[in-house]
C-alpha cells in the first residue's frame, strides 16, 4: 500500500485526485494539507462525506515524510516549489501540479510567472509528466512536473507531426476552450456563475502562461524550436478542454495519412484515442482519455483534441504518473 | 424628463435597472454611485459600453439632490436606509431595493436582519412596491419599498385566495427555486460557477429573511395573519424564480374556479398573466411578467408562479413603481 | 466472470450502466441490443470508443441466453416486460429498469401507464431493487424491478419515519427537481437545449407515474397506506435529483431526533449518507450515494435528499442489485 | 403603422423578431404562418401569452399581401425563396432570413445547399442586410437577404482591414463559437440538452455553408477575393457568437492602429462597438450590438467579435433593415 499526501487539498484538482485515489487499490491517502482551512476534509468537500476521514493540517515536510511515500502538491506556483524542495530532502517522491518544474529555465519562469524561481537548479531536468511522450523518464523520477491542462491538449496532437517533420514549426495556432473549473476554486468575479454562465470569451490572448510551456515541451519532445499563438477561452461548463490546432503542412497530406500517423504514434498508449469523428469534450469528461482527430482544410491541417481538464489535464495524469512511479499498471484507478 | 440616480450601481439589479431606464422615454440617468469603485460605469459593466457616459461617484445626498428627481437605492440593508433618510430630507423621492422599509416593525427587522433599524419611525408606513396590490399608495409616495424577489412570486398568487377566504391562512408551503443572480455580484464560494453549475440545492431552510416579508405583506394585503413555510433553492441558471405554493382550501374548489378568481382579481393588471399551462421561468425572463397557474391535487390547491427575479422581482418592479410615482404609463419601458 | 447483456443500449441509463460495468472486475458485457440502431456501440456513444467492442443487435431471448447470465433491460414499459418474460423462460436473470414490475397490481399499472400489463401474474411478487429496504429479497431473485429515479429519492428518507410512526401517512408533499437526462435520449421539443436551459418548470403536476410507485412501495416497506402529493420539476442540468419532502409529525420531534433515527435505520448501508448540512445534488453526482438530511420548520418535518438520477436513481442501483444477485460485494464498481 | 407578416413563426428567430416588433412603435404584426402548426401563436410560444393575438395560418401570398406591407421569412432555404418570389409579385417587401439570396450565383448555392436555386435570376442583385456595409442599398430594396449569424461576426471585423489592404486576403482563419439556439428549434439528438450541455465541440469543420457567404460578401464589400478557413463550434449556452479571426498583416501594425482603423470605419454606426477589452458574448446578449476588439500576437492580427446570434445575428439585423426600408430611425426598437 503506497501512502499518499496531498498539499493544497481544498481545490478542485485535489478533490478530483482524492476521488481517483479512493478507487486505487494500492494507494491510501494519509494526509491532506491546507494553508487556510483546518477542518475535516468533508466540511470543505461535502462529496467526500463518509469517504475520507482526515482533517486538513499545516504543511510540514518531516511530519508528512513519516506518513507518506508520495506527495501530490496542488499548491500555487513558487509555494509549491518551496514545499517540493523540503519534501524531496526527506526522500518523499513528489508529483507537482504547479508550473514550477515544467519549464526549461529560470529566466523563462521569471518572465512569465513574475517571480524568481526558488529552485532553479532542478529546471530542465525534471520529468514532465506526459507518459505518452516521456514515459521512460517517469518510473525512476523522484519529482514529476504534472502538465498544464491546456498544454496536454495541444502537445499530444502536435508532437507526432512535428517529430516527423510533416508540419511547419512556426505559425501554429492553438485555439482552446476550457471549462471554468480550470480557473480554480478561489472566489473571483470572473468565475462567478452569473458572469460566465451563458457566455463565452477569450482571455489572456497572447499572454497565457501555458504558451511557453507548450513551446518548450514540444521542443523537448521533438528537438525543434516551435512557435505557437495560443488563445484560451472560458466556456460555460464545469470541465473539459477542446483545442483546435491550426498548422501548416510541409508537404501535401491527407486526413487519412494524418490519422494513421497519429494512430501509429500512440499505439499502445491506453489514454489517447485517435478518432474519425469530431470529438466533444463530453466524450471524455470524467475520464483520463484524450480524443484526437484531424482534418485537412484548404491546405491547412487542423488537429482537434478533447479532454477533461481536471482528469487527463490534471489529476488523472497525476495518478497515471503515480502508477508508473510506484510500479502499478498505468491504468489503475483510471478506467 | 425625470432625472434619476442609482446607488450601488455595480450589482446585477442596478445593471438591469440601467438597461430598462435607457429604454424609458421619460427618464435620464444622471448619477451612479458606488462605495468601492470610482471608475467609468462601463468598465464595471462592459455591456453598457457606449450607452451611458457616467463615472461612479461617492454617495452625497445634497450633491445627488441637485441632479436627481428620483433615486433608486441598490445598497444593502441598513446602509440603504441611512442613504434613503438623507435623500428624503432633500426632497428627492426614493425607490429602495433593500429590505429596510418592507417590514411592519423594527423588532421583526432586528430579529431577521440582526441590526438595529436606523429609521424605525417609518416602518409600517412605507408603500410596498407591488402595484398589483398596493397601487393606490404608490403614486403619492416619497419612498417606495421595492419588494423582495421571492415575496413577489409568493404574494401575488396567494393574495386573492387569502382575501376571499378560499384557503387556510396556516400550513402554507412555498417551495421556490431561484437563479444565481439573486445572490448578488460579490464573489463567494457558493456562487462560483463550478459550485452551483450542474447542481441544485435548498438553502436557508426555515431561516430565509423573505419569510417574514411574505407573511407581513400578505397580512397587510388581506387583513389576515398568515403562516408560511418557505424553502428557497439555488438553481443552475442566471435568472428566474419558480414558486410552487401548496395551500389547503377551506372548501371544495376546482382548478377552473381558482383560475377564474385569479383572473378576475388581476383583470387590468398588465404584468400578471393567469395561464392554464404550467409556466416555465423562461417564459418570463427578460420581462416584467409574472405567469401564474393553479392545480388542485388530492384536495390541496397548488399555485405556481414564474417570474424573472431581476425584472419583476427587482428592477422591473422598480421602474413600474417609478412610472406610477412620476405619472408615466405603468408599462413604460417594460413591454 | 458474469456475462451481461443490455437491452435498449442507446439511452443514457444504458450508457451509464456500461461505464459502471466496465469498472466491474466480475462482469463482462457480451451483448447490447437496440430496436433501431444496428451499428457499433461506439458510434452511438462516442465516449465508449475503444472501450467496448460490440455491435448493437436485435433482441432475441434464446440468442442472448447463450451469451448472458444476467440481462439489464433499459427498454420502455410494456416492451420491457415482454422481453423480460421471454428471458426469464430461458433461465437468464433480469434487472428491469422499466416500471413494469414495480407496482402491486395490474389495475394500477393500467390506470397510470394506459396499457394492459403483459405479465400481470408476476405483479406484487417481484423484488423491488432498493437494497436498503428490500435487501433480503434481492439475492435470490430471478427478476428485480429497478426503482424509478424519483421514488428512490422520496422513499429512502420517508420509510424510517413512517415505519416508526413518527409522521402522518397522509398529506405528504414531495417536491422534486430533476436533471434533464431523466427525460431520456429521444429528441423532443421540451428537452431541447434552448427550451430547458436557463429555465425551471414543474411538469406532470399531480399526474406523474412515480406517484403511485412511491405510495405502493412505501406501503410495502412500512405496512401503511400512504398518500403523497408529488411535484416533479425539470431543472437545467444533466443529472441529479433533489427532493424536499414535507411531512407532518405525529408527535413533537427535533431535527436531532430525526437525524438520529435516519442514521440508525441506515447504519451499515454503504450508499445512504445521513448528513447535517443541506445536500446539493452535486455532492452525489457520478456516485451511488444518496445524501439525506432533515429540518424541523414550524412544526413540519422536512426531509431533503440528493442523488444522481442516472446512478443511484438508475444504473448504480442496478449494479448494486446485480452485485447482490450474483454474490459480489454490494459496493463493487460503485465506489 | 407598417403591417408585418412572419413566415415560419414557430422557431427561435421568429419568436425573437416578434418580441422586437412588439416594442416597435411603427410596426404591427398582422399575420404569422406555419407549415405544421395551426394553433394560437401563444400555445407555441408561451412567452407571448397575452401579447399577440394571432393564430398560425397557412402561407398564401395574396392573402398576406392584403394584410402586410412587409413580410419576414423565417423559412428554411429553397422554401423561403419560393415564398419570397410569390410575395414580391404582389408588391410586398420582404426580409429573408434564409440563405437563399445571400450568395452571388446559383452554382455556389447548388454546391453548398445541394438544391437547384428556384430564383437564380435575382442572385447577386439582392441587398445583403448588413447596413454597416451595404446601408445605401437597403432603403430602396424590395428584398433584403438577412445575413447569416456567423458571417456577421466575421465580416464586420474583417471588412475594414481588407478594404484598406492591411491584411492578406488568404490564410484567414475564423474560429467561431455559437450558442445552441443557432441550430434551430426542430428536435434533434445533437441539440438535446444532455448532449450539448457541459460540452463543447467543433462541427462541420471545413464544410459549413457560412464559409462561402463570408467569402463572397467580403468580396462584395472589399472588391477582393478572400479565402477563409471557418471552424464553427457548439457551445453550451442559448445564445451568443464569439469569433476569433486570425489574419496576417501585409505590413507591421500595432493593436492601437487596428483599433483606430476599426473605430473610424464604424464611426456613426450605432450597433458596432469597438472596444479595448476582450468582449464576452454576454456583453451583447439580448442586444443588437457587435463588440469588436483587436490584438497583435507574434505578428498575427487577431480580431475578436461578440454578438447575440438571435439579435444582431438574425432578428435584430432584420428589424434594423426593416427600419431602413420603411423610413424609421435605424435604432428603433433596438436600444
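To keep things simple, chains are lettered A, B, C and D as they appear, and every chain counts its residues starting from 1.
Keep in mind that, in the parts below, a contact is a pair of C-beta atoms (placed from the backbone, for glycine too) under 8 Å apart; a residue touches a chain by one contact, two chains touch by 3 or more.
Computed from a predicted structure; not experimentally measured.
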Starting from the Cα centroid of subunit B, hunt down the chain whose centroid lies farthest away. A
Report which of A-D and A-B is connected by more C-beta pairs in contact. A-D
Per the C-alpha centroid definition, the whole-Å distance linking subunit A and subunit B comes out as 45
Between subunit A and subunit C, tell me the centre distance in angstrom, where each centre is the average of that chain's C-alpha atoms. 36
Provide the C-alpha centroid distance between subunit A and subunit D, rounded to the nearest whole angstrom. 39
Numbers and ranges of subunit D residues touching at least 2 other chains: 179, 195, 197-198, 236-238, 279-280, 282
May I ask you to sort the chain touch graph into line, ring, star, complete or other? complete
Considering the complex alone, what residue numbers of subunit B touch subunit C? 171, 173, 175, 177, 179, 195, 197-203, 205-206, 227, 229, 231, 233, 235-240, 242, 244, 246, 278-282, 285, 295-298, 300, 302, 304, 306
Which subunit A residues qualify as touching subunit B in the complex? 12, 179-181, 185, 187-189, 191-198, 236-238
Provide the residue numbers of subunit C that touch subunit A in the complex, in ascending order. 22-23, 46-47, 49-51, 198, 273, 275, 277, 279-280, 282-284, 286-287, 291, 335
